[in-house]
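Should a chain be cited, it is by its letter among A, B and C, assigned in written order, with residues numbered from 1 in that chain.
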Amino acid sequence: MAARSKLYLILAVVAAAIASHVLSGGAAPEIPALNAYYYDVLIGIGINIILAVGLNLVNGYTGQFSLGHAGFMAAGAYASSWLTLSYGYALGSSGFATTTIFLLALLMGGGIAALAGLIVGVPSLRLKGDYLAIVTLGFNEIIKGVIQNCDALGAQRGLGGMVQHTTFFWTFALAAVTVYVVVSLVNSTYGRGFLAVRDDEIAAEAMGINTTKYKVLAFVLGAFFAGIAGGLYAHFKQFIHPEGFNFMKSVDVVVMVILGGMGSTAGVCVAAVLLTILPELLRYVSRIEALPEWLRHIAENRMIIYSLLLIILMLTRPQGLFGAVNLRKKKA
Amino acid sequence: MADKLLELLQQIVNGLSQGAIYALIALGYTMVFGVLRFINFAHGDVYMLGAFVGFYLGPKALRLFSEGPSYPGAALVLLLAMALCAIIGIVIERLCYRPLRERPKLTVLITAIGVSLFLENAGQYVFGADPKSFPEVITDRALEIPESWGKISGLTITVSQVLVFGVTLFLMFGLSHIVRKTKLGMAMRALSFNPVAAQLMGINVDVVISFTFGLGSALAGAAGILTSIQQPSIDPLMGVNAGLKAFVAAVLGGIGNLQGAALGGLLIGLVEALVVGYVNPTYRDPIVFGVLILILLFKPTGLLGASEREKV
Amino acid sequence: MNKSPSFLAVLAFGSLVAGSALRAEDIKVGEFAALTGGSASFGQSSHKGTALAFDELNAAGGVLGRKFKLITEDDQSAAGQPATIVRKLISQDKVICVLGEVRSSATIEAAPICQENKIPLISPAATNPKVTEVGDYISRVCFIDPFQGTVMSKFALGKGWKKIAVLTDVKQDYSVGLADFFTKGIVAGGGQIVKEQKYSTGDKDFKPQLTSIKATKPDAIFIPGYYAEVALIGKQARLLGIKVPLLGGDGWVGDSLLKVAGNSLDGSFFSCHFSAEDKSEAVQEFVKKYKAKYNETPDDMAALGYDSAEILADAIKRAGTTDGDKLKTAIADTKGFKGVTGVITLDAQRNASKPAVILSIGGGGFHFEAAVAP
């Protein structure tokens, strides 16, 4: 089983490499290079997959409702940007050198984010449900607040000038790694631990499962991947701003997890793809002259649709598209 | 020295008046949580709707009394907002929360987030995202403090600040009275102790829950009007920040505890004013959330809350 | 009989080719603006001015025999949006030039993308110097904050106000930059900054900051922020018993400023780019046309939006092409262009060197106070 998923991982990375070569027009000149806008959307999909799969580990598999994922993404985005902006050429100017620094920066971003995840995870041990959600939201605001007060990070005006290191290959290779890690973890004894915490924490404790370990692990890992995603994002958009990592961004990721089905990695990946493409589709819909004005307006404002989606999903199919969690069960 | 004292007193006044708004919103949060054990994320947006009710109906209401601002007119606007918000709250509960009553709390929480986002974004679409100027329902001015009281006469307390404080106190006592002395109030308390037993005792759970929501939403609506009197620029996202702060206030005071909500609100308002005036305005929000986290770490039941033992 | 279908086909094909040759391709110009959100007043105004200019240009036949097609996107006054939108305008819509934005932060965000893709960007009203520092494809038709800050500081000192408090919006590059230049000007002129306080875009309660400012007894307060917050600040300042004049910059220009502030801003002054009261023929012509189309008086964002479009058209004419490289040079070479916001000449940093207009507030409107040349 483990060997097979390793094989899938290697295949995925190779596929990403081939795809990126093709898409940049290198393979055969007749295949047109990808238009920058579509490329933007594709990278967005990859980043969102990493975010959603990471959050799914926390929200879906471990049942800890975190509303502050964007804070971890911010930590990773800013930490990695700081490194490349300060030491981007420390090893030289060759492609190899700068890419190495870039990867180190991503790792550092993930690391700082993981640290933040630890800081958030520990107090959250005592909290459940609603309280936990609000506290994670609070941490998101605090992380944002720290960045906003740090002039070296651009404070409220944003940080820019990063070199566009993020490529199709790195994004999807790392997405493949994220999926691999999460799926492997979930299918191991750790996975049993996560699920036990989700299903009934008190019973799990009674059975001798160290719920603390699993909760903290989930937070730290989820945060680590969010940090990686943040680093990729920063080195693609080349400009980051604290407001881009606010509660709304966290909600974006939460909607992906819920739509995909909490506890289903495949579902969450599909949802990430759908919900990255959706705003852009809506942008086109809002431009179609033939449609009535109000419909076009609503298309422009994708949050109206997202929020309705959330409500309708919860009312009719709370397990999302592929959900494994039985959210319909009545509490005894 | 006296100047510094005056400045401090003024900041305290500022903080308490803002805190009264948080208290009013927090009362609604805490009530709904006390009875239903769930945080209505959309509560802050009902506050926003209250302000918009005032915006659209205000001029018409004022015209019934006199051409311009007047106290009877303001009272009417307040009552209208409370009534309409109560209805909105009841409708939301009926449509979105009641079908989920048997489901795990997480489902309702997510739905509440959905409702909140919907109200905010639909509000941006319907009302327009740009700030609107709230009509003047009372002529606000600073109260004249007689010179004979000494340096304190330099203090500025506005009519609106006194009004907000007064109305908040009045509503808090009114709420307390309803909860302790009326039958519905008793039913609410019964429901908060043990929903199943309450039902077995013949309490119509649906009615009581609707009533709770209506009451909480009415308070939010009142807060919306009172805020707009002091800060006459309203926009569809005004409920986000206020709602979050009010939630922190409710938790600080002890969620489920009415006096706690009021106390928490005032404290948060004070903390904000002092941080902005003396420390650094950009630390204001992080510090408020820091307070939340500290309280949840060290005394999760809040300042006035009773310890809850979780039965296994 | 056999010949007819093929003859018709040739005819049809021929007319198609001829028709498409006759109808030259439109010149696509991209615009990004805050059409919704907290800064919507800016975006709506500048968009109206820009649209008016292109309508006129098209009615007169366009330029180089081609008409303009304006593609506008709303950045919702939100950070992160300008980058995405401008990327789309460039790669999806294939615009030859981008116009925007009024706000410096949004422009600073989008500028690197235009520079990298070699598409010129003309900002109508972003005044922070960092905007054009991004690269040589970036230019603006307005003055920059070092000038604006100096103008206001000289004005304040000239009125005898030596002790000034500054209340900055730390969320905006514009506000922070302008406050900085103003402060330097005051200190250089022998004045004193008695208090520096801050707030964030979107805040509604400023009493704590104002109380802290009041305690230092300033002669005037400089508030280089945007209209939505400034209106509330004005109201709350008066309620707190702060009677001194308030000063500001071009961020004050918004239609809701006086609606929300009432008469609390009477006796205040701010600098901007344009006054509809200007008696010159060019301005009055513009005001008339604008009123006819939109039924309202133009503000300086509208006037600058108009000028940015006109300058683009003029540059295309001079360059003889819409090719990015030549176009950017033509734009940078703009000299003595008679715009409605003044005579526009772009300097070596591609910033416009123009007089600033100081307006005073009173009686429910803005009034011309002074014009200060660079």
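Couple of notes before you dig in:
Keep in mind that, in the parts below, contacts are C-beta pairs under 8 Å (C-beta built on N, C-alpha and C of every residue); 3 or more make two chains touch, one makes a residue touch a chain.
Because the structure is predicted, anything quoted here is derived from the model rather than measured.
Looking at which of A-C and A-B shares more C-beta pairs in contact, the answer is the pair A-B. With every chain reduced to the mean of its CA atoms, the largest distance from subunit B is reached by C. Centre-to-centre, using mean CA coordinates, subunit B is 39 Å away from subunit C. We define each chain's centre as the mean of its Cα atoms; on that basis subunit A and subunit C are separated by 36 Å. Our note on geometry: subunit A versus subunit B, Cα centroid distance of 34 Å, whole angstroms. Counting partner chains per residue, subunit A has residues 148, 156 touching two or more of them. Subunit B has residues 124, 280, 282 in contact with two or more other chains. For subunit C, the set of residues touching two or more other chains reads 170, 200. Contact residues of subunit A toward subunit B in the complex are 63, 65, 67, 123, 126-127, 129-131, 133-135, 137-139, 141-142, 144-146, 148-149, 156, 202, 247, 251, 254, 258, 297-298, 301, 303-304, 306-311, 314-315, 318, 327-331. Taken in their complex, subunit C has these residues touching subunit B: 36-38, 40-41, 76-77, 170, 197-200, 202, 204-205, 207-209, 211-212, 214-215, 228, 231-232, 235-236, 239-241, 256, 259-260, 262.
The touching residues of subunit B, when paired with subunit C in their complex, are 3-4, 6-7, 10-11, 14-15, 18, 124, 128-133, 136, 140-142, 154, 156, 158, 227, 230-233, 235, 237-238, 241, 272-274, 276-278, 280-282. By the touch criterion stated above, subunit C contacts subunit A in their complex at residues 74, 78-80, 83-84, 87-88, 90-92, 105, 108-109, 112-113, 117, 170-173, 176, 200. Residue ranges of subunit B in contact with subunit A, taken from their complex: 38-39, 96, 99-100, 102-111, 113-118, 120-122, 124-125, 240, 244, 247-248, 251, 280, 282-283, 285-286, 289-290, 292-293, 296-297, 300, 312.
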